[in-house]
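My questions all concern the structure below.
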Amino acid sequence: MPVVITHCPRVGRDVAESFMAYGVATVHEAQGRGGLMAPFMRPIYPGARIAGAAVTVSVAPADNWMIHVAVEQCRKGDVLVVAPTSFSDAGYFGELLACSLAARGVRGLVIDAGVRDVRDLVAMGFPVWSSAVSAQGTVKETLGSVNVPVVCAGASIDPGDVVVADEDGVCVVRRAEADRVLQLCREREAKEAKVRERLQAGELGLDLYGMRDKLKARGLVYRDATSKD
Amino acid sequence: MPVVITHCPRVGRDVAESFMAYGVATVHEAQGRGGLMAPFMRPIYPGARIAGAAVTVSVAPADNWMIHVAVEQCRKGDVLVVAPTSFSDAGYFGELLACSLAARGVRGLVIDAGVRDVRDLVAMGFPVWSSAVSAQGTVKETLGSVNVPVVCAGASIDPGDVVVADEDGVCVVRRAEADRVLQLCREREAKEAKVRERLQAGELGLDLYGMRDKLKARGLVYRDATSKD
Amino acid sequence: MPVVITHCPRVGRDVAESFMAYGVATVHEAQGRGGLMAPFMRPIYPGARIAGAAVTVSVAPADNWMIHVAVEQCRKGDVLVVAPTSFSDAGYFGELLACSLAARGVRGLVIDAGVRDVRDLVAMGFPVWSSAVSAQGTVKETLGSVNVPVVCAGASIDPGDVVVADEDGVCVVRRAEADRVLQLCREREAKEAKVRERLQAGELGLDLYGMRDKLKARGLVYRDATSKD
Amino acid sequence: MPVVITHCPRVGRDVAESFMAYGVATVHEAQGRGGLMAPFMRPIYPGARIAGAAVTVSVAPADNWMIHVAVEQCRKGDVLVVAPTSFSDAGYFGELLACSLAARGVRGLVIDAGVRDVRDLVAMGFPVWSSAVSAQGTVKETLGSVNVPVVCAGASIDPGDVVVADEDGVCVVRRAEADRVLQLCREREAKEAKVRERLQAGELGLDLYGMRDKLKARGLVYRDATSKD
Amino acid sequence: MPVVITHCPRVGRDVAESFMAYGVATVHEAQGRGGLMAPFMRPIYPGARIAGAAVTVSVAPADNWMIHVAVEQCRKGDVLVVAPTSFSDAGYFGELLACSLAARGVRGLVIDAGVRDVRDLVAMGFPVWSSAVSAQGTVKETLGSVNVPVVCAGASIDPGDVVVADEDGVCVVRRAEADRVLQLCREREAKEAKVRERLQAGELGLDLYGMRDKLKARGLVYRDATSKD
Amino acid sequence: MPVVITHCPRVGRDVAESFMAYGVATVHEAQGRGGLMAPFMRPIYPGARIAGAAVTVSVAPADNWMIHVAVEQCRKGDVLVVAPTSFSDAGYFGELLACSLAARGVRGLVIDAGVRDVRDLVAMGFPVWSSAVSAQGTVKETLGSVNVPVVCAGASIDPGDVVVADEDGVCVVRRAEADRVLQLCREREAKEAKVRERLQAGELGLDLYGMRDKLKARGLVYRDATSKD
């Protein structure tokens, strides 16, 4: 059962990196509100933003052996995605593993567990989204798998899928959907640029989105506080 | 039942803004330890601090329609306070709504739910206190109310009340109490300034607050570790 | 029962301060993965790092009286460690107490409860690791003890033990173990420096740590994705 | 500021007790989905169900003094509602207080904090809804108030309001609304009885509620799995 | 995008029901420790145990419309599995829906959200595993999908897969794996029966599993407390 | 470092069992509110109550190897206390281990982690207090220790100490303190029996405990609601 899948097909690097232009909220909306990991996945420092192809790792709780195995499967532009088979907030990942990944051009780490050496990771500029920060060490005793489909923080992800992460969280785009979603992001962004301009000029969303009639039809009532006080 | 109250009386803007000089802890103490929201309300960036008059919004879970409705009711110096009728950590609020509020001079947002586009909100300098950060989108289907009394993060708040928020959390001051509480803040701060000086000079709180007798009366014992080792 | 132990023996200040050179993860590993507090203990600002001798305080829930008592027992280089007898996230500690501790040369605070005046603490550069941030005030009514053994955030700690804290969390080193653990930290760091260099040069942990044989023996299988697609 | 309001007007006992016939879900729906406490309020034993008039208590964290004060204000048919001013999961209430309340005909306790002596409370048949169970003792040092408006587990409640509680949680009905809400409960229940019968007979909600057209209009598509497999 | 897949192939009913003989722990172990939902999924009453074929539902947060749609797709022996697209602890499901499902022979409900009318569900003997209990109502406004792959409480599940649930939690067995896993359950149970007998007779696991040599080889030391006291 | 201490001195069995007569709340109070584990430690079935001498186990996260080792160290009347070195909610303990412990006369299990086979444990009448229930399996790879001092759910415990557990939680009594605490329990219970009788007869705690003067002195005010309505 424990297996390492090599030479996994990935989303094209240029496609993956094009997602850098869009925030996680935009990507999530563009694909019909799908693909989002749970909101407990937080970046270890403000301002971090990445997009890349997923190398997935299924690890035993409090055991980081397979992360060491996964490094070899990573290449430039990848994002490592680590999902333990049951919850542990131990620190599965630290500065030495980050050095190893950075040397291969990996963009960052997404892990539904803890990381450590945060000070060093910040100094290196190696971005991590995790569900915990903990100095607790892990063991290297139990096999897991690399590049198999996993569920990470509530989201299904296959190797080679796009991972986009910023301060709002982490979103997965299926490899086969990447081009289409990218196009939808572009369109959404273009539309929002126009809306933004009008809102900044003081126009109301109520008017701009034409909400007043629907609100009235549903029964929303306006009452003047001063007429009864 | 869903209603928008317009022309709500508010605390005077100069009074509200005078609270900017005091931290949330001071304001909370000054009013007898009342008015504090739960500690899970956190600012999206360090150093944020606001004070203003509340425009309140009661929204359905994962539905941000009424926030769009509320924008129109906001004016310069207000703080938007959003309370869902049941918990959801979805992202009810993002950069476009912030543009709209900023255009009207709104000071910031307090929401017992999630927000998104955090990177953009930080770039805009639009402060938010929320119970979650999440890219998850919401719908616009269910009516709620604007400028009705709500409970937000465990605190009762009426429209027009003062909202004070900083890195320690969020505190509500009743409109009718604002002047009195402001005066008590001033007095507390003046008193603390003197205490601070003495403590910085090395004087002990034990002496300064005259605690030694009470401690002794209650039975506190001192024992020298070296006399028994 | 409530007692203040005075003149507690402490780890030597030079020994304690030598731990500043090592992260919490290293210290925790060096002592066989012991001494770590729970990962919910977080610093109030990024980059904070301290090491010092523990002055311990056992306080009643939502009552900070004994912290005032403990100040007098602190000296240059100490770290105050506060453990409530049952959970409360109230703000037991703020800027005035910090002034008092700073005046005595105390390095920082570790508290399994809330703190307040975060903005001021940051401005002062007084580091705190806490399980909550809250403006909620506390009372001064119930006695507790100073410099007795306590359990803080799941870790046993005696007065005079070493406390090391950074962005990864908080770790306790027993006073009697301090020299030995310090030596182990040095050795670990030296070893890691060499590993780091090789990993940065692109060498794989799999080879460097000699994992391939063990993985194979345990039954790890490699499968080429392209050979079956 | 600390005050005990005596002789509080209450909802009529017969009105309050009529709510016993309806579950919390029905009452909550009947009043437009209002009045519900947070779902972390759980009964200490299965099958408990009460309805009565609220005697409210605002207590300091980990301090149960005011509960002792409140007993005197309770009469037959009342429900004691306890809200600490900040969170503590200590055991504010145990068997002796329950004996005292039972002797006065009090129906049960609702407390956003911990209770203890659960075995005895179950044996007595004294129902409690709480946010925690804990043996931790509390002190009697700080004043609070009895029969003032409080926020308990996220719900606003005034003395004399109706409290309805069962295995689904706790719901508050405003005293002035009690008759109207009771009538709506009756109507809702009558309507549901008919629906229940038809559903039990195998009729589909889709047809019974006439949902098919709206679903189709919104764009719901049906696809046969066997036609493409 | 919102779609209802009809006539989904399912695991055979006799196969599914054969899992009733095995606990969730056994099933989970038999398939290499896979398929388990998160431990926050709890039964609403003790002793509940079910096994059946999954009908899956993806719903919007706090919106139960698609559960009404899903009822029609259920048949005798099925288990309804409901996964919201983002977290809400509202009560999506109550007694009327349970009547409708029971009328169709559905075995029970698994939902990563809240349920209500618990007293009635218990009285009916309709078992539910949920992440919350809450009287909070939901809306019927947003489309979702029925019988699409979902992630429920951290586990991937396809329509037609086996769902096994008991007091230990909920486990998913892939349809294609069902026969094989069932056989492994039988073997595991047979083996455990023999072990149980020997353990009950007082034999030690240390001997029975032959652990002593491995423990010694790893360096476990035995020390007699009395020889040094 | 991993060690098994054999022949640990224990509290006398008759002393330990005498604690069965007192609830956890009483024991905790009798020893000055000390020794309580965190309130997240819950029994797997209602009504469970045990008292016995602790055999302590320190285990690696998600690794139950040392529990197998500990069985041999248990004797009639003992309680097994398991503390992982970092958090995992996996199911470390199930029915086979319970058979083994029951065969040796062990009273029950206290574990700051998950257990499984709950249905079987209940059927056997083998009581467990745990911080989780989960079917998740664990490994047997990493050594730990038996009968060393541990921190379990926030409480310090040494081998041979008394463990008392009931529906209110779990309390530890130091071996050397057992006789004294037992005597205090007896006195407390006797005193409470008299108080109970008077409260049941309708006397008020306010009078019985003589609180009225202290309340008045502190400034508690009584106000009649009817005089101002």
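Order as written gives the chain letters A, B, C, D, E and F; numbering starts at 1 within each chain.
One rule holds in what follows: contacts are C-beta pairs under 8 Å (C-beta built on N, C-alpha and C of every residue); 3 or more make two chains touch, one makes a residue touch a chain.
As the structure is a computational prediction, the values presented were derived from the model and not from experiment.
The set of chains in contact with subunit B as well as subunit E comprises A, D.
Interface of subunit D with subunit F: the two copies contact each other largely through different residue positions, with under half of all numbers used appearing on both sides.
By number of C-beta pairs in contact, A-B leads over the other of B-D and A-B. Inter-chain spacing, taken between the CA centroids of subunit E and subunit F, is 30 Å.
For the pair subunit B and subunit F, the distance between C-alpha centroids works out to 39 Å. Looking at subunit F, residues 33, 36, 85-87, 89, 134, 136 sit in touch with two or more other chains.
Chains that are in contact with each other form these pairs: A-B, A-C, A-E, A-F, B-C, B-D, B-E, C-D, C-F, D-E, D-F, E-F. Contact residues of subunit C toward subunit F in the complex are 1, 32-34, 36, 38, 85-87, 149, 151, 154-156. If you check the complex, the residues on subunit E that touch subunit D are 2-9, 45, 65, 68-69, 71-72, 89, 91, 94-97, 99-100, 102-104, 114, 116-120, 122, 132-137, 140, 143, 147, 159. Partner subunit D is touched in their complex by these residues of subunit F: 23-25, 28-29, 33, 36, 39, 42, 46-47, 49, 166-169, 171, 192, 195-196, 199-202, 204-206, 209, 211, 215, 218-226, 229. Interface residues of subunit A, counted against subunit F in their complex, comprise 60-63, 85-90, 134, 136, 139, 141-142.
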